[in-house]
Every structure is written in C-alpha cells, then in structure tokens.
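Labels run A, B, C and D following the written order; every chain starts at residue 1.
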Amino acid sequence: MIIMESKATQEQIEQVIKEIRRYGLKADVSKGAYRTVIGLVGDESTIPFTHFTDLPGVKEAIRIETPYKLLSKEYSKFYEGISERTIVEAGGIGVGGDELVFIAGPCAVESKQQLFTIAEGVKRAGAHILRGGVFKARSSVHSFQGLGAEGWEEAEEALSWLYEAGKKFEMPVVTEVRGESQVDLVAKYVDILQIGARNMYNQDLLTKVAKKNKPVLYKRHFGAGVEEFLSFAEYIAAEGNKNIILCERGIVPIGKGKQYSRYTLDLISIPVIQQETYLPVIVDPSHAAGRRELIFNMSCAAIASGASGLIIEVHYNPAEALVDGRQMITPDELKDVIDACQRIRKVVLPKRNES
Amino acid sequence: MIIMESKATQEQIEQVIKEIRRYGLKADVSKGAYRTVIGLVGDESTIPFTHFTDLPGVKEAIRIETPYKLLSKEYSKFYEGISERTIVEAGGIGVGGDELVFIAGPCAVESKQQLFTIAEGVKRAGAHILRGGVFKARSSVHSFQGLGAEGWEEAEEALSWLYEAGKKFEMPVVTEVRGESQVDLVAKYVDILQIGARNMYNQDLLTKVAKKNKPVLYKRHFGAGVEEFLSFAEYIAAEGNKNIILCERGIVPIGKGKQYSRYTLDLISIPVIQQETYLPVIVDPSHAAGRRELIFNMSCAAIASGASGLIIEVHYNPAEALVDGRQMITPDELKDVIDACQRIRKVVLPKRNES
Amino acid sequence: MIIMESKATQEQIEQVIKEIRRYGLKADVSKGAYRTVIGLVGDESTIPFTHFTDLPGVKEAIRIETPYKLLSKEYSKFYEGISERTIVEAGGIGVGGDELVFIAGPCAVESKQQLFTIAEGVKRAGAHILRGGVFKARSSVHSFQGLGAEGWEEAEEALSWLYEAGKKFEMPVVTEVRGESQVDLVAKYVDILQIGARNMYNQDLLTKVAKKNKPVLYKRHFGAGVEEFLSFAEYIAAEGNKNIILCERGIVPIGKGKQYSRYTLDLISIPVIQQETYLPVIVDPSHAAGRRELIFNMSCAAIASGASGLIIEVHYNPAEALVDGRQMITPDELKDVIDACQRIRKVVLPKRNES
Amino acid sequence: MIIMESKATQEQIEQVIKEIRRYGLKADVSKGAYRTVIGLVGDESTIPFTHFTDLPGVKEAIRIETPYKLLSKEYSKFYEGISERTIVEAGGIGVGGDELVFIAGPCAVESKQQLFTIAEGVKRAGAHILRGGVFKARSSVHSFQGLGAEGWEEAEEALSWLYEAGKKFEMPVVTEVRGESQVDLVAKYVDILQIGARNMYNQDLLTKVAKKNKPVLYKRHFGAGVEEFLSFAEYIAAEGNKNIILCERGIVPIGKGKQYSRYTLDLISIPVIQQETYLPVIVDPSHAAGRRELIFNMSCAAIASGASGLIIEVHYNPAEALVDGRQMITPDELKDVIDACQRIRKVVLPKRNES
C-alpha cells in the first residue's frame, strides 16, 4: 500500500502507478479528499518497497502481511471512504451498521404467484431484502435446478418477477449467479448479486461479477477456512468492488455417526471476520441447519455472535416447496425470528460499538 | 425397555430382571409411585422381545433404536422422576431449568489466595458454581499440569481450598477428574465431578466416576459427533447415574490456513442435543474460542442457541495465569457476560417452553 | 433406466424418449448392437415406473438408488460400450486398463523453453501425458495466475506451445480450464480438459466442458465426500460424455497444530470409487503432499491402493518455478517414481483382475 | 537438552540434575559410553539456558522447539542407544528395521479355542506378533465389551490364553489396556501393551503404562493431528520409556453424504512421522477401512507409504465374530496381504535406506 502525500500531484500519482505496473502488478487507487492511497494487486514480495518511498509525492509504503490486504482492517485506516466497519449500500438498505438486515424469500422461484405471495409475507414479517433462486446450485443433476435451467427465456421471466416483486413490496432483491454466462442477464434485474458457497473458489466468476459494480453477497464454502474465504473475497476487491457482504452458511460436519444438521454453523467466524476485515458479515441459518425446528435458535445465536443480519428461506407452505422444504419457515415464524433478533441486537450492540 | 403394569408385584419385577440377566444383560430399574420401568443395558438385538410381553406383570416391551437409549427423550416418557427436560441438582443449584447457571473460576488452582480472590470475584459477578482445575489435562508433558501433579498431598490441599472456597462463598464446586486413581479423592471434596473433553471416550473413568453418584459435568470431545457424545454419556447412565450435565466446548477446526480460534464452537449441537435427550447442556466458550476478545459474543450466542448455562475461565489478572491466560476474562467482564446472557435468556426462553 | 427389448423398433424407442420428456426429464440413450438402454436424467422419484414397462418394446425399467446413476457399476452392466471398468481413451493413451498412466509436466507453463525442456525430461522418464497450467487457480489474487492471466493472446500462445510440445514428444496434453470463457479456446489445443478441485462444484463449467466431447480429468474438491464427488461427475455424464478420469488430490486436514502436508490424501477413496463406478481414478500426490520429499512414498502408496495412474508436477529446477516449487520433483526423480510404481502395479494387479 | 562433556564426572552430572530440579523440571538422563545427555521434562521456556552452559562439565545446552523433544530426530542425534531410526524390541521381534512386522489375531478373544485356532492360522500365514482384545473399547455400552467386562477372573483367564498361545505358536503377544486399573494385570501376561486410539489423550493411563517398561503400541486418535499425537507420545517417553510403536488407524471422515469406510486413512502421516521422530510407525487397516474388501489395497498402500508393519484383525470365520466381523479377513487372505506387502517393501526400502 502506497500512501501519497496530501499535496501529491496527479503526475506523481501516475508515476507511482506506472512504476507498479512496471513490476507486473496492478494498482487499486483510492483518491480521497485529503490524500490518495494506492493498493498493490499481485505478488509484492519481489518488489523493493524502499524504492517507492524515494518517488516524489510518496509519504509512506506499507507492506500488509495478510493475503487479504485490500479487505484488511489495516487498509481501511488509510483508505478514504472505507471505515473500519463499512456499511454496504444495497438498493437503499445499509448492511453492516447498527440496524440488522433480514433477507428472506423462497429458496427457488417457482411461479410468479408463489414469489409474490411469499414476498408479501416476508415484507409483512419485517424483512428488508427479497431473495429468490432462479439458477439453483444443486448437488444432483437429477434434482430441480430452478426455472433458469429451462432456458434463457424462462430465466429472464423469473428474474423479471423478482424485479417486479422488489418494486411492488419495496425491497431490493438478490439472487444467485451460478455461472459466468448468467452474469449479464442477472445484473439487469437484481440489486445484489449472490455468489453461492459452491462457487466461493470460482475466481473467474468472482472477477466477472465484481465488474458489475453491484453489491455482492458472497458465501463461504463449507470446506474453507476463514483465511481462504477472505483471500478469495480479495478477488472481488481487486476489481475495485468493495461492496461485499460476507455470509457464513456452515462448514462440513466432522465426526462419525448420524448427522442431525446439514452443516456445522461456525459462529466464532463472525467476530473473527469482524476483527480481520472492515466488511459486514451475515449468516444463513437455513442452509446450515437444514431443519426448520433449528432456525429460531440458530438465528438468535447468529445475531448474538455479532452478525449484521440473516438470510432465511421462507415459504407460505414449506411442504409444497420444490427445493429444501425441510428447512423453510413460514412468514409468521420469520416474524418471531426477527422480533427475537432485534431484542438480542440491543443486548450485544453496545459492546460492539465500544470496541 | 420393559414397562410393568402398575399392579405388578415385586416377584414379577424380579422375574423380569432375572430373565434379562439370563440373556447376559443388565437391568436399569426405576420404581416409581405408579409403575416400574426396566431399561436393558447391553445388546438387546439378540433378545426375543415378544417373550417378555408374555411374562406376568409386563405391560409393554419397547425397543429404543438409538445407541443412547437410557438418555433418550423416549425413555423419559415412561421413567418416573425424569421429565423430558431434566433439572440436574448440583449442590443446591438446578441445572436445566428456566434459570441460567454460570460456572466460573480459574483454569488451574494456583494458590489458596489466587483461588479465594477469584472465587470472591466470580461470586460478586453473579456466578453460581465455582470451578478450578487441580489435575490439568494438558497437551504437552512439558506444560504445567496443575498442583495435582506435585503429589497426592499437594492435590488434597488444593482440593481442600476448593471445598473451603465453596463453603465461604456459598457456591458448589466442580473440578476435573483426569484419571481413575483420582476419583475417590476428588469425590470427597467437590459437588460435581468433571470429565474433560480428552477423556470423553475413557469408558473406565466414566464408569468409575458414575458410581460416585454425584452430578457429572461431561464434556464433548473435539473429534466426536453428537451421536458418539451421547453414546458415551450412556456409560454413565448405565451405572444408574443420570445426573449428567453435558457440555459443548468446540470441535477441531477444518480447512487450511491460519486458525483464528482454538476450536470451532458447534452451537447447532445445543438444540439438537435438547431434542435427542432429556439432559441439560451448557457451553464452554473459553476453551472453544481460546481468545478473550471472543468470549462475550460466543457466550451470548451460546445462550441464544438455548444452552442452560456456561462454564467460563476467570482470573483477576489473566496475564499472570499459569495456564490459558490468553482466554481468561476478569470478574468485571464476567459480570457483563452474565448480564447480557440473562437478557438474552428472556428472549429465547418463551420459545423453549412452548415447544 | 429403461432397457428395451433387443427387437424393439426405432419407433418404440422414440415413444419411450417422448414419454420421458413428457415427465420433464431428459434421456441418455445408448444404442448397442444388441439392445438399446435409456437412462433418465432428472428427478425420477415422481415418475410411475411401472407405466414404462407397459410401453411396447420395453423389456425392463430399473430404478438406480444412488445419485450417480449414470456412472454406477449397475448402469454399466446394461449399457453397451461401457464395461464395469472403463478405459478412457485420451489421445491414444488408455486410462483405466492394466497399464499405469503417468501424467507429468510443470505446474505452470512459464515459457516455451521451460515447457519443452520439461516435456523432454518427463518423456524420457517414462511419462505418457504432458500437463502444464495456463490458467492457474490460485488461492490469492496476489499470486502468479499463469500466462493465461496476461491476456487471450498470451493464453493462446501458451496453449499452442503445449500443443506443439505434445506433438514433438508424442504425448497427448492436458490443461486446466478454470472458467467458462476459456472452454472453447482450450479445447482447440489440448486432448484432455482438466477441471480443477476448486471447480468441482461448478456445474455450469462442468456442463460446458462436457459438451466438448473430449476426455475430462476431473478432480475431487478438498471439502467433498466421495458421494458428492461422484454426484457432481454425473453433471458431465448427463451431457452424454462418459470419458471421465477421476482424480483424488487430498482433502482438508483436520485437527489442531502444525500441518506437515498441504492436504490429507484419502487413499481409501480409490478402491471405494472403483467399487461404486466404472470410471478410472488417478491420484495427484504433488498437491496433496505439497512437499517434494513425500512424493515418492505417496506415489507408491497411491498405486498400491489401486489407482490407474498419477499426475505429478515436474521441473528441471524446482527452486526456479514460479508456482509450487516446493512440491515439484525433477525428471530423474520422476523416473524413480515411475519405476517403483510399475513394480508395485505388478503386485496389486492380479488381485484387481480376479475381483 | 544438556550435553555433558565426555569426561564429565558423576558429581557434575548430579549438579546439573539438581539444578534442573531446582527449576521445577524433571531430568531424562542417558548415560552413554561416550557421554551423558540430559533431557529436560517440563516447561523450559522460563529457564535461563545460558546458565547451564556455565556449569562445570557441560558441553552444550540445546533448546528443541517441538513439543515432542524427547522423541525428536534432533534428540536422537545426541542420545546414545537411540538411532535416527530406532528398532523397538518386542519379545524378540524388532519393529522399525528393514524387516516388516505383521501383528494379527482376533479383534476380541472369545474363547480359548477361537484364539488358538486363529493364532495357528496367522502364524501359518506369516504373522510375527499375536493380538487379541480382552478389554474392548466400544462406542456403545450396549455392545460386547470383551471377556474382561465379565470380571477380573474371566479377564485373567483370557489373558492367560493369550500368554499360552504366544508361547505355543512362538509369537509375542499384544493386547489393549483400556483403563488404569488393568495395567498391572495385563502387564503380567503380555509382551506389548497397547493404548487404543480412544485413550490417546489419557495421560494418566499413558504414564502408568509407560512405567511398566514394556514396549507400548500407541494408536493415534481419530481427531488428532500429527503434532498432538507425538506430543502425547511424549508422556510415555517422559517416564523414561522410549520403546514406543506408533500406529495410524484412521481419522474422522469429513464431508457430507454416505460414508464408504469407517475412517479416513491418513497415509501421508507415515513419512511425516518418520521425518519428525526416531520411532517406528505401523498401520491398522482393519479399523480404518472397516470393510474386508478394502484391506488388501490399504495394506499394500500402507507399506508403500513406508510403514514398518501392520496390525490386522483376522478370524477363521468373520461372519461368526462377536465384534467387527465386517472388517476381518481370513488367515488365507492374510497370507496374500503379507506376500504382497513383502514384495512392495523390496520396492520402497532402498529409497528409505538412502535417505
């Protein structure tokens, strides 16, 4: 990270960028009101850092040791416009501030009516953002893959329902982009682009999605450590897009015997991520637990651990859902979850804000 | 499980027990005011169950499918004195009811003064039970193993301090029994016998501790699934001791890269265990997190997930502690934790009690 | 799976396919010399199977219970052209037969000269197929991403070197396709398309690669169980491409403390996969071990466990390599590995062939 | 580690030991023909090492960084009687040399006849050491716990059969000591004391077993990393007993879905352990795989990875076995395994011996 003097000229800034490129690296430039900060994207271990401090206009050159430099707390200290606890703006809703954010909706969009009924239900229950899957990531080719699997026209139609529902019920909308070929289409219709857990390591998709300059909801893979998760989030940041909402959704269970939940929810990761990076982090209790009767407690626990919000699957009649019916809750149950979470937030927020 | 008719005679009961023994099994007998229930300990798969229903005085013979039959919800339905949600009485403190229970104290007892100073601190902060390690389970033979390692006399002296501190500050006390040879001695001085995570699979120790007929604080091993945890708890129950407090304290981390906490805290296990068994379950955030700054949030999350209490390591000056100083909090910080947890309990309790 | 009578007419076959589509499923048709077999792609749980047996020309309708039906041993019994142990033809080299296959080359193609020097070395050492990465999957955006990252022209040039080296040293070539946008380009130059471990779950990439109808080298993700691995391989098979070479390359380490290897090599998966599916499976000891001094023993162990071959990273001067130098071996060391493996193969092959 | 000068007097040695004790540590003394080496047991981080070099007769004071100092390769360099690759003598059989060692026998001793029939079979097949469980570690209290569970007399009788079978068929014998109370009895009858995987962390048992000064067969726990495994083995070494045979027997599976084997066999741990310590390491394919049809390949793979031997469960009629019948092989199958392993050993041994 190169910190320019406040009175550095445009020419001096460009000279530094040129120099960075000469070493085969890319520059991540933040021009603030007071000063310009230039992050280095690429392997800086081979670069003579002292050389940069000799360039005119350079105030300081700081090496950041983590593999997620652009997202680190340290970086935020110098980077204008990024605070130590960034609020990601997503269609008018701020994620990461004092207010909790609840994202809710059906696992898969099945029909316009199904979507609108659920959208109305989750809005009434207090949700802020509407979710709904069109391109579903499924572990079996023999399972329902979402309406997106039926053709581009069907996909576009389903996306337009999402868009309309968002307008009608005044909620920004989010949906998963499962493959590179879907990025352009999906970005036309939704406010937030989701990258699913199974695509956490898909760096080509990350790069392509990042370039849309829309907020990204980015889920941790179930086999990834926290360091890996943040290192791959850096692929998004390296494209200049730091509007990233991180999401914990469970890691693979270990141990022998019966599995009572789909995944192990790693809630220690929440305060850890908040110490390591300036990004907001939310939790998906639905996929982690995989069973309706666990959602209430795990939602409460997620908020108690410090999460900035939740993403929850909701259906007016879970038994009817084409995908994941076992883990959906009703709009009424969602209301209970939200009420409880809001009360818990009041307990844990003062501690967060004093730290 | 054999359910006797309410008017079954003592002779008839004895005939059933004799019959059970004839098959090489043991009988777990509960004589209630209304009826007697007889659990089978051993491999019942080879037994002709219908044969038992033909015996005089037998009302019903029910096969329970889990490997933790004596601890299962199903068993509690017929067994008098055990409700679906048992409250374990430990030195006058009930664990598992509506009221949260906080167990706190130093990781290791280092001196009488250290113990008494901390005991006073945790009492003032609102703790109910005092903990303090005399025989420490350590991962390196080259680390401090507790005063118990210095000889039986030193061990007994340290245990007597625990006893006195408990009396003086009116808290029951708990300490770990690390090996079989320590059981008799430890049982003389403490109210609750703890079996540590590393001894979860030590069936000889489990059996020996169970026979003391004192409440047992039993920790899940970091490599154990929930089914294994409950299956081994059954070793305690099979000795007729069902005063078991289960404790989740983190499982081994998976994934590559830097570890930001000592273990992964598996909070989904809390509601899962409460569905599977009638025993209370508490959480040890200190060993799971391993870092002071994570304790507040993980304590709150544990209570939000439904835990009946916490066991927390406290020191008036964590930097001075001979063991685990990195994860200890001060009495003042403990007070903050307890206050926050009590408020969260009020949020999640109604849901528990209606289910 | 619908098995047609040997004398079933084309019309009858088409009626069955039409019927399958009417239920919203796809048909995987194998017209053999003796009879036609039709696999069902999609959720067949909702289909009245008996209905199919009533259609004219249908001999039998069999439900296969695993989520990897098209790849199961059971499927191969009826499907002509697929034996219980399929040999995948890759540029003239058969993978999965009695002869071991060794794939070797640099981790990343760095220059024409580097590639040709290594290609000559591995050929001399006894390798059959040449590997070389152009689009590298890396865990940090700040690391070298392969020549493919420098632009499409540079990527195409590097691919053409691979093509030329393959021709010159008479080895088919394999390289990783990391993203969907690279599929067309890469397929023009190489004999085998590799899908890396991090993309195991990338179903859009799988589908796109499968359609090229070239052999696919498909690596298990480090967080995936065997069932998941095979279930996702089914995405390739569902496109009609069953020329799949499976590859075990290590799973995430568990447990606390120092990591002495990059991953845990799961060699039990080798005989397990061979029992479950008719596809060949090879092992990548380089990425699993991550340390040169472990390669010899782990290569031998892989072949002893029954693997049909290995993929190994080789460099004439590992210390110079831009990527993964720590785990590369020299051509001379490769020769030792191949010699030892060939001798071990002779020990374990008779057992395989009698089973 | 304090290395004394070759001409150091007994008095000087004793002064060093006294000094070590003054710091609250224990001394592990090795008096060789040429010089005396004194290892420190306890936390040496607080000790002023330079102080020791000032004492008369001291040649060098070396800090060893690993938590398994007494077992480290570094330690063996100075310690007389311990080579970099120690051969543990167990009843006349050397484990860890060029010759492979095969330990075989029934999972549980069921009767004298069963034991003798199997003993004869494994001897004929080429086994060197006889195994047989008397005190069984079982995951359910409702399963058969071995004859040891029926009373001390029955246990002693079963142990005496083991002793007799060992004499008759000229094989040293090994059995598991599951709890502290069994140590004295078991040590009277067997040549090697086994500590099972579930007791890996049971430091009181380790200490008690170590003091018997018999060779110890010590199994890695399924949730333990290699560093932890070696750190706990150090508890045995700290009692002055370095006759330890380490054994890998599988770690907990990760990932979702069907489990096709009981555990994941971590064969990379074999060469890793051989680099880190001077102790021999063997493999238990029976418990790792849990299925008969995987034993042949996993045995071969274990030897190919460099293991010094195997411990395998054998029964003349696996279907009849009271415990683990699913994973037992017959004496004839054992012969095939041993023959194949011997041939593989010839392939991998030269590489080991040149390194």
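In this section, a residue touches a chain if its C-beta (ideal position, glycine included) is under 8 Å from a C-beta of that chain, and two chains touch if they have at least 3 such contacts.
As the structure is a computational prediction, the values presented were derived from the model and not from experiment.
**Student:** A-B versus B-C: which has more C-beta pairs touching?
**Tutor:** A-B
**Student:** Farthest chain from chain B, comparing Cα centres?
**Tutor:** Farthest from chain B by mean C-alpha position: C.
**Student:** With centres defined as the mean C-alpha position, give me the chain B-chain C separation in Å.
**Tutor:** 48
**Student:** Report the inter-chain centroid distance for chain A and chain B in whole angstrom, where each centroid is the mean of the CA atoms.
**Tutor:** Going by mean C-alpha positions, chain A sits 38 Å from chain B.
**Student:** What positions in chain C touch 2 or more of the other chains?
**Tutor:** Chain C, residues with two or more chain partners: 222-225, 228, 231, 252-256, 259.
**Student:** Provide the residue numbers of chain A that touch chain D in the complex, in ascending order.
**Tutor:** Spelled out, the residues of chain A in touch with chain D are 222-223, 252-256, 259, 262-263.
**Student:** Applying the document's contact rule, which stretches of chain B touch chain A when the two form their complex?
**Tutor:** 223-228, 231, 251-261, 264-272, 275-276, 288-289, 293-294, 296-298, 300-306, 336, 340, 343-344, 347-348, 351, 355
**Student:** Once bound in the complex, which stretches of chain A touch chain C?
**Tutor:** Listed in rising order, the residues of chain A that touch chain C are 40-44, 67, 69, 137-144, 178-182, 198-199, 201-205, 221-225, 228, 231-232, 234-235, 238, 252, 254.
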